[in-house]
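Chain naming follows the written order as A, B, C, D, E, F, G and H, and within any one chain the residues start at number 1.
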Amino acid sequence: MLDHILQQVQQGQLSIEEAKQRLAAFDDLGFAKVDYHRKKRQGFPEIVFGEGKTAEQIIAIVRSLQTSTEQLLCTRMSADKAQQVQQAIPELEYNETARLLYKKADLSEQEQLKGYVAVLAAGTSDLAVAEEAAITAEVLGSNVRRFYDVGVAGIHRLLHHAEEIQQAVVSVVVAGMEGALPSVVGGLVAHPVIAVPTSIGYGANFQGLSALLTMLNSCASGISVVNIDNGFGGGYNAALIHRLANKGVSEA
Amino acid sequence: MLDHILQQVQQGQLSIEEAKQRLAAFDDLGFAKVDYHRKKRQGFPEIVFGEGKTAEQIIAIVRSLQTSTEQLLCTRMSADKAQQVQQAIPELEYNETARLLYKKADLSEQEQLKGYVAVLAAGTSDLAVAEEAAITAEVLGSNVRRFYDVGVAGIHRLLHHAEEIQQAVVSVVVAGMEGALPSVVGGLVAHPVIAVPTSIGYGANFQGLSALLTMLNSCASGISVVNIDNGFGGGYNAALIHRLANKGVSEA
Amino acid sequence: MLDHILQQVQQGQLSIEEAKQRLAAFDDLGFAKVDYHRKKRQGFPEIVFGEGKTAEQIIAIVRSLQTSTEQLLCTRMSADKAQQVQQAIPELEYNETARLLYKKADLSEQEQLKGYVAVLAAGTSDLAVAEEAAITAEVLGSNVRRFYDVGVAGIHRLLHHAEEIQQAVVSVVVAGMEGALPSVVGGLVAHPVIAVPTSIGYGANFQGLSALLTMLNSCASGISVVNIDNGFGGGYNAALIHRLANKGVSEA
Amino acid sequence: MLDHILQQVQQGQLSIEEAKQRLAAFDDLGFAKVDYHRKKRQGFPEIVFGEGKTAEQIIAIVRSLQTSTEQLLCTRMSADKAQQVQQAIPELEYNETARLLYKKADLSEQEQLKGYVAVLAAGTSDLAVAEEAAITAEVLGSNVRRFYDVGVAGIHRLLHHAEEIQQAVVSVVVAGMEGALPSVVGGLVAHPVIAVPTSIGYGANFQGLSALLTMLNSCASGISVVNIDNGFGGGYNAALIHRLANKGVSEA
Amino acid sequence: MLDHILQQVQQGQLSIEEAKQRLAAFDDLGFAKVDYHRKKRQGFPEIVFGEGKTAEQIIAIVRSLQTSTEQLLCTRMSADKAQQVQQAIPELEYNETARLLYKKADLSEQEQLKGYVAVLAAGTSDLAVAEEAAITAEVLGSNVRRFYDVGVAGIHRLLHHAEEIQQAVVSVVVAGMEGALPSVVGGLVAHPVIAVPTSIGYGANFQGLSALLTMLNSCASGISVVNIDNGFGGGYNAALIHRLANKGVSEA
Amino acid sequence: MLDHILQQVQQGQLSIEEAKQRLAAFDDLGFAKVDYHRKKRQGFPEIVFGEGKTAEQIIAIVRSLQTSTEQLLCTRMSADKAQQVQQAIPELEYNETARLLYKKADLSEQEQLKGYVAVLAAGTSDLAVAEEAAITAEVLGSNVRRFYDVGVAGIHRLLHHAEEIQQAVVSVVVAGMEGALPSVVGGLVAHPVIAVPTSIGYGANFQGLSALLTMLNSCASGISVVNIDNGFGGGYNAALIHRLANKGVSEA
Amino acid sequence: MLDHILQQVQQGQLSIEEAKQRLAAFDDLGFAKVDYHRKKRQGFPEIVFGEGKTAEQIIAIVRSLQTSTEQLLCTRMSADKAQQVQQAIPELEYNETARLLYKKADLSEQEQLKGYVAVLAAGTSDLAVAEEAAITAEVLGSNVRRFYDVGVAGIHRLLHHAEEIQQAVVSVVVAGMEGALPSVVGGLVAHPVIAVPTSIGYGANFQGLSALLTMLNSCASGISVVNIDNGFGGGYNAALIHRLANKGVSEA
Amino acid sequence: MLDHILQQVQQGQLSIEEAKQRLAAFDDLGFAKVDYHRKKRQGFPEIVFGEGKTAEQIIAIVRSLQTSTEQLLCTRMSADKAQQVQQAIPELEYNETARLLYKKADLSEQEQLKGYVAVLAAGTSDLAVAEEAAITAEVLGSNVRRFYDVGVAGIHRLLHHAEEIQQAVVSVVVAGMEGALPSVVGGLVAHPVIAVPTSIGYGANFQGLSALLTMLNSCASGISVVNIDNGFGGGYNAALIHRLANKGVSEA
């Protein structure tokens, strides 16, 4: 594109003023290219963070996004706001547990990713965050297998599913209270584990700080951590890795 | 004893002034009785906290204790200070890892406690605290079985010993870093678990705070927690429960 | 059981496929055995954590538990939810202070545990947590004696009951604000003390952190600590030790 | 003084420029008057904070103070530095435990304060801070009675001295670890209690934070708190109140 | 009293059983004597902490207290609850800002304390806590002078009142946000300063932690600190010292 | 394997006792299989955490590992200890900055991974942690490109390398002080970013807490975080993802 | 003024008593002079902190201020309270986003400040704080250019405006979540940057602590920080510097 | 410059390839221009952060800087390292208190800035940080007046200098312990105040956190804060504002 602008200047088809304006735009495109690049290569749509935005604002943003992408994902959506947006854009689905408003892409068989993302939740109260992770990964194109209520205080529940979890491409492990599940999973599997602490618990839990510290201090290798209650982050990272594993690496 | 004093007053064998003095002493004995009571019923000696005391002070205290007890336990003893004390009182043993200076009682077969205390340590770096717990329990009369390096990141190492741990009377579980081991053990056993967080770790471990919070927030039942690096506390509580289980309850 | 399966295989009564399926189940039973074991030996029922579950879910769980146990305990139950469950299962009692829904077992005289658990509360505002501890221990089969409003700022109130507390098998000591009561009790008694910090207080109490740190740092021996406001944990640990002291230890 | 300056101006004995200069000085004296006032009314000397000052600086300050006061107090003095200062000013005494360098005033019988300050310390390791408090109060003119090693884990040790403590004018209560002593003392006495947390302890003590929070949250009335390890502050406040109680209040 | 019991035993007027019962009661009285002592010597009534008590409970307690004391003070009283109590006991006054329900004693001129307590507040938003301190001191018999809105960001407002503050017997200094006022006051006056941090502020104030730390770290001597928002504690300590300064010290 | 054991039982070739023993062993192998699995599929050797182990212990462990793997990695090795180990096992290399002792595998061209891992460091003082990440990834088989001193306070230094960073398979971003670099990188690239906070900084950095919180709160998607100063964790996670991207996903 | 008083005394036009009274007043004026000085030199009006004041109080204060200043600014005003004040003083404008009630001065062209203040906000949810900063600066006489939604996760959005931001006199940079924007801006510009952390975010954001620490630890020079969510502080500081840059320095 | 490149392309004087290369360079220059710009307009040299760099590295950097600037500033320099650098570059001065190695520019009278920066320190122990601020500002061209030992506990010391402080262009206020000085200064002056908390203090000071929070929460307007012990930051910000006030604003 830069070549093209310079050629036009060279050939007198573009005035210097126009060239400067275009180069500025190019500069912008240069960085916007990143996003374009991302979508091109990975098919990841822009995500709408719903909190603190009005239904009207979200409708406008979603309509603008619809011009270039099929998949849509709005996070942290209250039921009320979601309903308002759905009235305007009825093709969107809403999941109240996960507080997500979304539209999955209609992938051809060829576009389907191989393998699956494992989403684990330690307790039933970690479900909302786990579902946010699971649906996020699904909207971004991943198949997800859910393993819920497999907390470490009843280790046999986890071990029962050990093999199926081991065969996943990547795991998202959601846990509140003492947050010990990722350590145990990290020791069982040979793939990357994204740990998501939740604010579930009471007393010295300190709104998820306990689980967060546990996960950061895990003595198992291959674990990395996202913010407290950030199910979206867990699902996004997992889908990114899942896609990467499918796409492979071309010689750089 | 109160009866006796009053009878003597009644019978004119004790002046009112003398009676008052004795009642004051009795009052004191009343509370000192607590310690006597403890030793009588449980055979637990007074413990010497070694930190911040000179070798001379410790020698004096130990000599005084030797008049009434066979078992001896000094905690937080540096090698230097221990050696000085040992020169004066050669019957004491020293364990440098646990920083304990002690003398176990010579129990007759009849006095031996049935069953054993399980002491578990997650990693090799938790050893010092685990040994402090184990030797403390031994000095207080318990048999101890050690299960070291059974951290949750390699869960099969723990499960390998599951049955032997389950058959203990009480467990002390020592863990640093993420401190998840007590939760897993708590889910496997049906006896009380004393959890001891250690300051082992780095970064967001915050000198053991991470492990402490993990253990306090454990979703397994039957777990209680002592202070960071307090191996002595873990061993003491375990020995107390072990003794209680042997001694049984007489109708109150 | 493993013997039985293998014998059937040996005798051709079981195909290899069926044996594998049973062994998997056995594997599961292997770990589930823990719970079975626990109930068998200690008569402790499964506990239902009520928070975050609907009345319907709780009714279903309780009905399932009723097939195998007489005692029932649901914690963190709001009055509303408890009432809904009681309409379906009228044999359950509800204590609003302790937020517990429960059914005590009908123990024969022989099954009655000897001795009692002492539950102490420092102030009247610690009552809810203390009652959660006391009723939990009662549902699990313990006799409980309550000593309320015995905070350290009026030490004579505590000393008045010193002897009766000393004769308990185990104490649960509940305190908010400065949380000093367990230290004083720990110095008076010769049995294990379970300390329960509460979030009662204001200002630099920081939601119970003050009382929690006090208890962890106690200079008295024989104290272990559970999470802030975790009355259930206090009662559960006490009942566990109480049962153990009654049951005794058979040679391992 | 202001009157005098204005009169001199009125009478032409002072030029306006000179008057302005004097008024500025007066202004300064006005605020310096505060210190003068203090010494006049309470006989309290300026205190020298020794940490971060060289021996030479301290010698210079002390010599300057000696022109106007007999009593002298330098806090946080290492043994080395103290020795250097003593070589120059041999009338100073040094207490290594308390790290204080001082000279008590030679009070006539009439100047002696009636009553005494009670200084309590929970454990032997709190001694350094307690001695800093006790000697500070003594240098400032108070009689001090020491009650050491009266921690709450052996409550009878404290109760043994209850009456003598109750008869003090004011108490300074020094405690580390869980810091529970001031609460118990506050409930026993009817006079003001100055609580001094120490950094003694380990693990979740967090350098005295535990004891500090305990004391701030005390449920006993009549307790106020100074900074961690601030023995000087404890002794200073106690001496201030002791002096006030002797001096009485003249109608304002 | 002890003498009397023993004499009766000696003279056969009291059986040993009865003597034992009375001695137990005496023991209790012994500690209850503290409270009696306090009231006798200082005229301080029992304080009712209103939070977490029902109107009915408070009415019962107040009525019981009225049998032995004229002064009454209930803290942390909501307007609703106060009104309910006032309907039953109309002689009580209520101050909504301070959330106090109280009755001041009707002191004869002779009983009036000389001198006054200065209560300072840094900002208008610290008023509620300052009034809690001021009225508490008044109910306990002190005259109070209020100096409000004298925060350090406009130092001349404080200096304007410097002399009147200096002439107080004791000061209570209430401040939120940065909490710097006690340091400045501590440097101006020669009497004890009770510092009360408030939770007023926003952002990095952390519910009063900022002001609390400031006050604990004050480089001025003669300052001690109570809990965040604890206006009652500030007023109580001030009144205690004020009374002490009036009462004086009799030779111990 | 299970099939085989059962067949042997069925065919009478194995006694029930022998079968039980083998099944136990199988159980163990079942979990040990995990590690075998990992090495098989990913070629990742066991890592030796050097801190708290003696040179002798490390030599023994390394020699044992050498029987089954070519690659070797010991972390947190002091120069002294490394030298001792190197004397016994001279084929090991040591990097003092990264405190790593290691041996890279000799990969055939075919085994070489395509693409590269980008390791970024914000400042020169973050180098030690960055090198730990980079060499870890290299030992695990990744090609690494280093981009050091590209902190956000001079954003053009980062942008200069934007394209080369964008073409990496995965990035490890190391930053201390304010820790803002991962957010900026996360916005520029379309691949996973592993963020590593360092403890570099002073004042309100609080030993890396500042950088850690920054990274957890990043508003860029695709970022996950490891513990403070955990360069090893950063490199391990990156190598895991890099390997996964090369290996691809076979239909599960 | 002091000269004048003294001259009058010298000339017998003022009695000593009157002179003393005036000097006291002068003293007061001396400090009040500060405020006068400020307004005179900088035209900055008194600011009304609206929180915790009633509409009536605010009306009274504003009316009093109107006698001496044209500009008016009330911060932290709820919509309700603002409306009540506007009914009484209709010339005031209200901005609900910024929660400010204000009246800008009507500046002549000559009074207009040259140059502008740049106000940047990282995300749309930081808008309220950014608007508080921007309008504050405007009321205090500055021209403001707003650059919103220029967070570092999409660095090109910021770079697009780099030149216009560089040409500002001073920048206010508002950011929540990871708070990295000031570091990047600090590296791009050569003028002072006032950083304002916001409490926007979730999880380990801890009510703005994360952003606050990031900004304090910034490795860019020329950045100083105000309290969390303190948009007013940001705008005030910026306006102060802007005014100073226009006014210049006269030889001191 | 862009114009020039495009003109050359238009006129065939530059091939497209060469133009592209130059545009890339221009892009780079574009951002490097920032630094150039800064030096040009403000004469501020690059600062060398000395910590963690060897003497050799610093010598190399300083020599490189000497080619383009006369002023030099290396911060956080130990005495040893400074001496090594001085042997190589003898024109550098070293201040051990401030740990700065520097060379001030030789400014012509015309280049001299008008007015002065006031640097205040609360206590003598804050001197090191204050000197770091003062010398930093001097190296960057400001005249500095020092006001040391003017802490708020003796407010008259500060007020004595009030007028001279008020006439400064900008103040840097350094304080540890309770950190109250900036609030008082902020209320006295009408110019910007840069507050620098120090880690001086003990106990609940928490390494400067106390002073930091105090300053962030200041109720005085016109205060902004830098990191704990960041004297350099204080001096840099002050010099930036001082320069700006001298330079003035040209119409943007």
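We adopt the following convention: a residue touches a chain if its C-beta (ideal position, glycine included) is under 8 Å from a C-beta of that chain, and two chains touch if they have at least 3 such contacts.
Quick caveat: nothing in here was measured; it's all calculated off a predicted structure.
Undergrad: Using the touch definition from the top, what's the fewest steps needed to get from chain A to chain H?
TA: Step count on the best path from chain A to chain H: 1.
Undergrad: Select the chain at the greatest separation from chain E, using centres from the mean of Cα atoms.
TA: Measuring from the centre of chain E, the most distant chain centre belongs to F.
Undergrad: Please report how far chain E has to rotate so that its Cα atoms sit on those of chain G, a copy of the same sequence, as a value between 0 and 180° in steps of 5.
TA: Between chain E and chain G, the superposition angle is 90 degrees.
Undergrad: In terms of CA centroid distance, which chain is the most far removed from chain D?
TA: A
Undergrad: Of the pairs D-E, A-F or C-F, which one shares over half of its contact pairs with A-H?
TA: Equivalent chain pair to A-H in D-E, A-F or C-F: C-F.
Undergrad: Go ahead and note the Å separation of the Cα centroids belonging to chain C and chain H.
TA: Once rounded, the distance between the two centres reads 61 Å.
Undergrad: Let me have the rounded angstrom distance from the C-alpha centre of chain E over to the C-alpha centre of chain H, please.
TA: 50
Undergrad: With chain centres defined as C-alpha means, what is the inter-centre distance between chain A and chain E in Å?
TA: Measuring from centre to centre gives 57 Å for this pair.
Undergrad: List the centre-to-centre spacing of chain B and chain D in whole Å, with centres computed as mean CA coordinates.
TA: Using C-alpha averages as centres, the distance is 40 Å.
Undergrad: At which residue positions does chain H touch at least two other chains?
TA: 31, 34, 154-155, 159, 187-188, 203-205, 209, 212, 216-217, 221, 227-228
Undergrad: What chain pairs are in touch here?
TA: Touch list across chains, by label: A-B, A-C, A-F, A-G, A-H, B-C, B-D, B-E, B-F, C-D, C-E, C-F, D-E, D-G, D-H, E-G, E-H, F-G, F-H, G-H.
Undergrad: Any idea which chain G residues touch chain H in the complex?
TA: Going through chain G, the ones touching chain H are 31, 34, 37-38, 41-42, 44, 47, 113-116, 166-170, 187-192, 194, 212, 216-217, 221-228, 233, 236-237, 240-242, 244-252.
Undergrad: What residues of chain E sit close enough to touch chain G in their complex?
TA: Residue list for chain E touching chain G: 124-125, 154-156, 159-160, 200, 202-205.
Undergrad: Write out the stretch or stretches of chain E touching chain C in their complex.
TA: 27-28, 30-32, 34, 51-53, 197, 199, 208-209, 212, 227-230
Undergrad: So in the complex, the part of chain A that touches chain B is made up of which residues?
TA: 122-123, 151-155, 159, 177-180, 183-184, 186-188, 201, 203-206, 209-211, 213-221
Undergrad: Report the residues of chain H in contact with chain A in the complex, numbered from low to high.
TA: By the definition above, chain H touches chain A via 2-3, 6-7, 9-10, 12, 16, 19-20, 23.
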